[in-house]
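Each in structure tokens, the structures are laid out below.
Presented sequentially are two complexes of chain A, the first with chain B as partner and the second with chain C.
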Partner chain A sequence: MSRLDVRKTYKLYIGGKFPRSESGRSYEIVSAKGEFLANASMGSRKDVRDAVVAARSALSGWSGATPFNRGQVLYRVAEVLEGRRAQFIEEVAAGEGLSTRAAGAAVDAAIDRVVWYAGWTDKIAQVLGNVNPVAGPFFNVSAPEPTGVVGVLAPQGSSLLGLVSVIAPVIASGNTAVVVTSADRPLPAVTLGEVLATSDVPGGVVNIITARTAEVASWLAAHRDVNAIDLTGVAGADGVHWAALEAEAAGNLKRVYRPMVVDGRPVEPDWNADPGLGRIRAFVETKTVWHPKGL
Partner chain B sequence: MVTVSTTTRSAQELTAQARDVLGVSRLTNSALTSWLHGLPGVDQVGCEGRAAALGTRSIKTTSKAWAIDTAIGMIDLTTLEGADTVGKVRSLCAKALVPDALDPTTPRPAAICVYGDMVATAKAALGDSGIHVAAVATAFPSGRASMPVKLADTRDAVEAGADEIDMVIDRGAFLSGDYLTVFNQIAEVKQACGDTHLKVIMETGELVTYDNVRRASYLSMLAGGDFIKTSTGKVQPAATLPVTLIMLEAVRDWRELTGVQVGVKPAGGIKTTKDAIKYLVMVSEIAGDDWMTPQWFRFGASSLLNDLLLQRQKLATGAYSGADYVTID
Partner chain C sequence: MPTFEYAPAPESRAIVTIEKSYGLFIDGAFTRPKATFATINPADETVLAEVSQAGPKDVDKAVAAARRAYEGVWGTMSGAERGKYLFRIARILQERAREFAVLETLDNGKPIKETRDVDVPTAAAHFFYHAGWADKLEYAGLSAGGAEAPRPHGVVGQVIPWNFPLLMLAWKIAPALATGNTVVLKPAETTPLSALLFAEVCQQADLPAGVVNIITGDGRTGQALVEHPDVDKVAFTGSTEVGKMIARSIAGTSKKATLELGGKAANIVFDDAPIDQAVEGIVSGIFFNQGQVCCAGSRLLVQENVHDQVIAKLKRRLGTLRVGDPMDKNSDLGAINSKAQLDRITALVEAGVAEGAERWSPECSLPAKGFWFPPTVLTGVSQTHRVATEEIFGPVLSVLTFRTPQEAVAKANNTAYGLSAGVWTEKGSRILWMADQLKAGVVWANTFNRFDPTSPFGGYKESGYGREGGRHGLEAYVTTAPATSSTQLTGATR
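== the complex of A and B ==
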């Protein structure tokens, strides 16, 4: 006897919960070959608003956690990712039109990327901070601190490796994130939300919204309670212009992480390349403290 | 500037008027009991359903802008902490005078609500701005003190210049059926207030049933309260929509009965613009637009003002605003 299909309608991931879009809308996700995969919620500006509230309230706890603890949590994410490897391979292969072998390599690289950033959490201060020589009887210490709530436009193409490569550096240093997923390939992001919910990441630290990028990007860029925005996902998104978003982001002097631009057009970087510290450095603020040298 | 007109009433006058309303020759506890228990019972399911239904109205664009400004003008900006200092009260007054430094067209709240010993500080800080100073009195929040102490507490605040007094009823006496004691205490405090506006806090979170809320509302109005107020904010649950609905019905029916209009003040737990707008919808639908002014409806709140300001900024700029753009109280 044949089984009935379980037709899935995925929801958003906001504040550690899985709500439907406030708008009540959903849209069909199709594979690279055009076959129906699942339904996903189509997030709206009000979902972005709610996600920013959740990210803001999670910020003090996450940024106040010890770097060691954040590293443990990120490593736990990698463990749970590993446990769901088969599901991710299937989703990446279908969404990006890759062979099972190539998708497997992408998933492995994504898991390794999380482990790599997990190792960085308690080393950021050593590498980006400094004890400065000053002409006086003072200790002068510069240390990186998280910028705050970071909006992330996740890459449109690389649906898992690219996704974790933009989220992990943001949360490694203690920021909280509001992530707008790839519009056409959101399934690995939806599953990543399920991974995060079951891997000790406090609710609200990462919020995942599946949506049409052009619809919600400017609300996120203009939002005055967002401290920084990563515009990587404008590459390949219809109807989104990164310079316009940067102009809107200037309303509250957000940090802006620009997309890579080649020949005047934003493109996705090579996600297999060594990520370096650029993304971590982009979302920290340096605080310098003078302290008198006592005897 | 908010105008509140209050007539000085002695306790004897209030008792005489109560006898007229009840149609009795002597105001006894049994007369009060049979009157209050003769009020129609509250249909709990219907009341909660109606309150929930009124909360679903969609208020957008220009209506929302109007509602936000109206709600700001109805706030009794409140600080009632044991840790209150002169500096804290002054900074709250500064916030009332300039709620949003980014937008001088922002309306001011109706009043500042503080403990009695902070009245003079608040009065000095507010000057002739027209913002009232409301003081909580009568052994707020528990109300557990002897009557001379409660009256002294009240007179103290009035002499310090309070424009409005927020008193608490003796919930212990009310719940044990000693309505006459509650009546007499309110009437005596009203007399001590002179021409100062009197709000009667019923602490609905301790009254247990909706029937009791209705009875306490009528008893407070009978005893001369100018306003009936839900809660102290120190007890959970504080203000809720169904409780406020019952009180709005009570003041509406009281005006039908006696010709006297009484105000309503939900206090405690109203934190968001969405909540505030639900209350405004209810005021309009239940009591009527006569109550839609700071003279007859107030919000007792502290964090509500910031949320209203954020929503106001969102309407003005088109971008969602954040906590960096409002003052921390």
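== the complex of A and C ==
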């Protein structure tokens, strides 16, 4: 007699907890071949707003943590990811329609990417900051600080490697994030939430909403308590117009990370390429402090 | 307290020749003046000159000239050669410094001692600083990690305000040119003259035609420039309201933008601060340039137990300020730049009084003609008052109190803006803690309103995005994305 397996319920990840959508809705997630995989929570405007509150609450603790501490926590994320490697390979392979081998390569790259950003946390200020030799008797230093609460439209295609490639640079510098997952491939994101919840990332630092991108993106773009938005996930998202989102983001002058555009259309970047510092730069603010020198 | 009488010490205006009317500076030459409007001296309301209102066709011509210059000469010139042009411009600005100072004071209304000692020398220094960057951009740390060497965007449209006309021009043009971009710049409607004189400097420096184009006009000209499809990057300094309009107008395009917008800076004085120095910092923080400064220390947050002492010393000090003829070398405060600005200051101060603030100004006789507002202190201001939340952009200080450092931080950060902040205390650890907590792009500790070409300037939150000056300021004028013909890559708008 074969054993009946215990299926997982995929929920949201907000403020360190795993609630269902307040809307009570769910939607069917199917594999690349069209087979039923799971029902995911269908996040709503209210879920986004709850996630922003959680991200704002977590900001002072996370941005105030030492960069060394953030680096250790991010490295811990990589450790726990590695431990769940098999589970992620299965989810990525099913969702993206990859062979086990190709999915394995994507999961490995995702783990290595987190390690890469873990090593950045205590180097960002050294690389992006400097002393300014002003023409007067003053100490003057410029250093990056996290921008604040960052809304992230995660890529629609790359459900784990792309996902960690947009989350890690946001939180490495001390921002907190509200992430709207790939609409059709959200399952690895929920599992990533479980990884984050068990690897010392404080609740609220990363909040994960599975949802129809077109339904919730504009609420995130227009939210007055969000400081920046990453529009990467507009590429391939049904019914999402990034120009409209950028225009809504202007309401409180959010910093906008635009999608990559080829021949007039947003496309997903090559996640295997060297990420560079662009995503870290995009979500930091340079603060310059002056003080006189004298006896 | 006795007031010392000073004999008048007016600077001569003979050094500067102002034309009767000006055309636009496009492609290295001035056009014939047309559709002109007057620019006046705000200190006495006399007409200084007529300048042209650039229409959409003029904007087209200027952008086309900039494009030709970018593709034909400036974008391909070696950094070293570009740098030498900028060094030339810096030197000419120094040589003609007095002329610029006089012209700026006449057109803007700010005291000659400020244009002479701050605006003009700092503008020259900006060109000198950026000249040196032109052939060293690959050392600026912008292109590591898979990114390509920094390249210019192309044609930059720049719109600047009236509070520091020449200095803002320098902040905009120097980095743009150093990085290989060409420029169409629109000075403010009320202060176009120093930019037009700068056009002459470009001619004297033999700057290739079209590299710098100066077009005058009102907001319509600025809008046409910002929205022009062949402008690759926009740089704007001005109000948050217009900044948001620009951010909306470039949404969904490949245009980049830097926005340097409003502020409502807190200047925080702790009870252990050197009070006399703090009072000087409060005065320069809010009365420098008649308070028409985006980073002005317009909210004084003073620790409750020293409030009365600080206010008494402040009032005593304000009694010694000389308000009057901007051309007089002894004047500390000059005229408000325009009637519209004076009306706005007046209305906001009246609103402050209506909401319960107590208004005080030193005795001073203001000239009958021109636009004048006395240095004003509003005490008893609470956080919800309009004078505590809205940018007044005038010589008006709103005074609030606090008890603990945490309360000071909460109040200081309780604003949509985040441009600058000041902290006054003798305790070093508290300075550094405060500097960490304050959400502002520039924090001045035991000083205020300091500017330097090497020091990045720009805000958090609704004070805009991007930095100007220093190594960080270069970032806004270059791209490090791979260039391929079929691919139009865009990154963060920052």
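As a convention for this text, the second predicted complex is superposed on the first by the 289 of 295 C-alpha atoms of A that agree within 3 Å, B and C clash if a C-alpha of one lies under 4 Å from a C-alpha of the other, contacts with A are read in each partner's own complex, and residues count from 1 in each chain.
Heads up, the rule we're going with is that a contact is a pair of C-beta atoms (placed from the backbone, for glycine too) under 8 Å apart; a residue touches a chain by one contact, two chains touch by 3 or more.
Here the structure is a predicted model, which is why all the values come from computation and not from measurement.
A.B. asks: Check the residue A:W219 against both partner chains and state whether it touches chain B (first), chain C (second), both, or neither.
C.D. replies: After superposition on chain A, A:W219 lies in contact with chain B alone.
A.B. asks: Kindly classify A:R258 by the partners it touches after superposition: chain B alone (first), chain C alone (second), both, or neither?
C.D. replies: second
A.B. asks: Using the touch definition from the top, say if A:W62 reaches chain B (first), chain C (second), both or neither.
C.D. replies: neither
A.B. asks: Figure out whether A:Y10 sits in contact with chain B (first) or chain C (second), or with both, or with neither.
C.D. replies: After superposition on chain A, A:Y10 lies in contact with neither partner.
A.B. asks: Report for A:K287: first if it touches chain B alone, second if chain C alone, otherwise both or neither.
C.D. replies: Once the two structures are laid over each other on A, A:K287 reaches chain C alone.
A.B. asks: Between chain B and chain C, whom does A:W116 touch in the aligned arrangement: first, second, both, or neither?
C.D. replies: Once the two structures are laid over each other on A, A:W116 reaches no partner at all.
A.B. asks: For A:V52, using the defined touch cut-off, is the partner it touches chain B, chain C, both, or neither? Pick first, second, both or neither.
C.D. replies: first
A.B. asks: Please indicate which partner A:W271 is in contact with in the superposed arrangement: first for chain B, second for chain C, both, or neither.
C.D. replies: Once the two structures are laid over each other on A, A:W271 reaches no partner at all.
A.B. asks: Both chain B and chain C contact which residues of chain A?
C.D. replies: Overlap of chain B and chain C footprints on chain A: residues 251-252.
A.B. asks: In their shared complex, at which residues does chain A touch chain B?
C.D. replies: 49, 52, 56, 219, 222-226, 248, 251-252
A.B. asks: Hey, which residues of chain C end up touching chain A in the complex?
C.D. replies: Counting only chain C, the residues touching chain A are 125, 141, 144-147, 240, 243-244, 247-248, 251-254, 259, 261, 416, 431, 435, 440-447, 450, 452, 454-458, 460-462, 464-465, 467, 470-472, 475, 480, 486-494.
A.B. asks: Inside the complex, what are the residues of chain B that reach chain A?
C.D. replies: Answer in residue numbers: 313, 317-325.
A.B. asks: In the complex of these two chains, what residues of chain A are touching chain C?
C.D. replies: 127-128, 130, 132-136, 138, 140, 142, 147, 227, 241-247, 249-253, 255-264, 273-278, 281-282, 285-292
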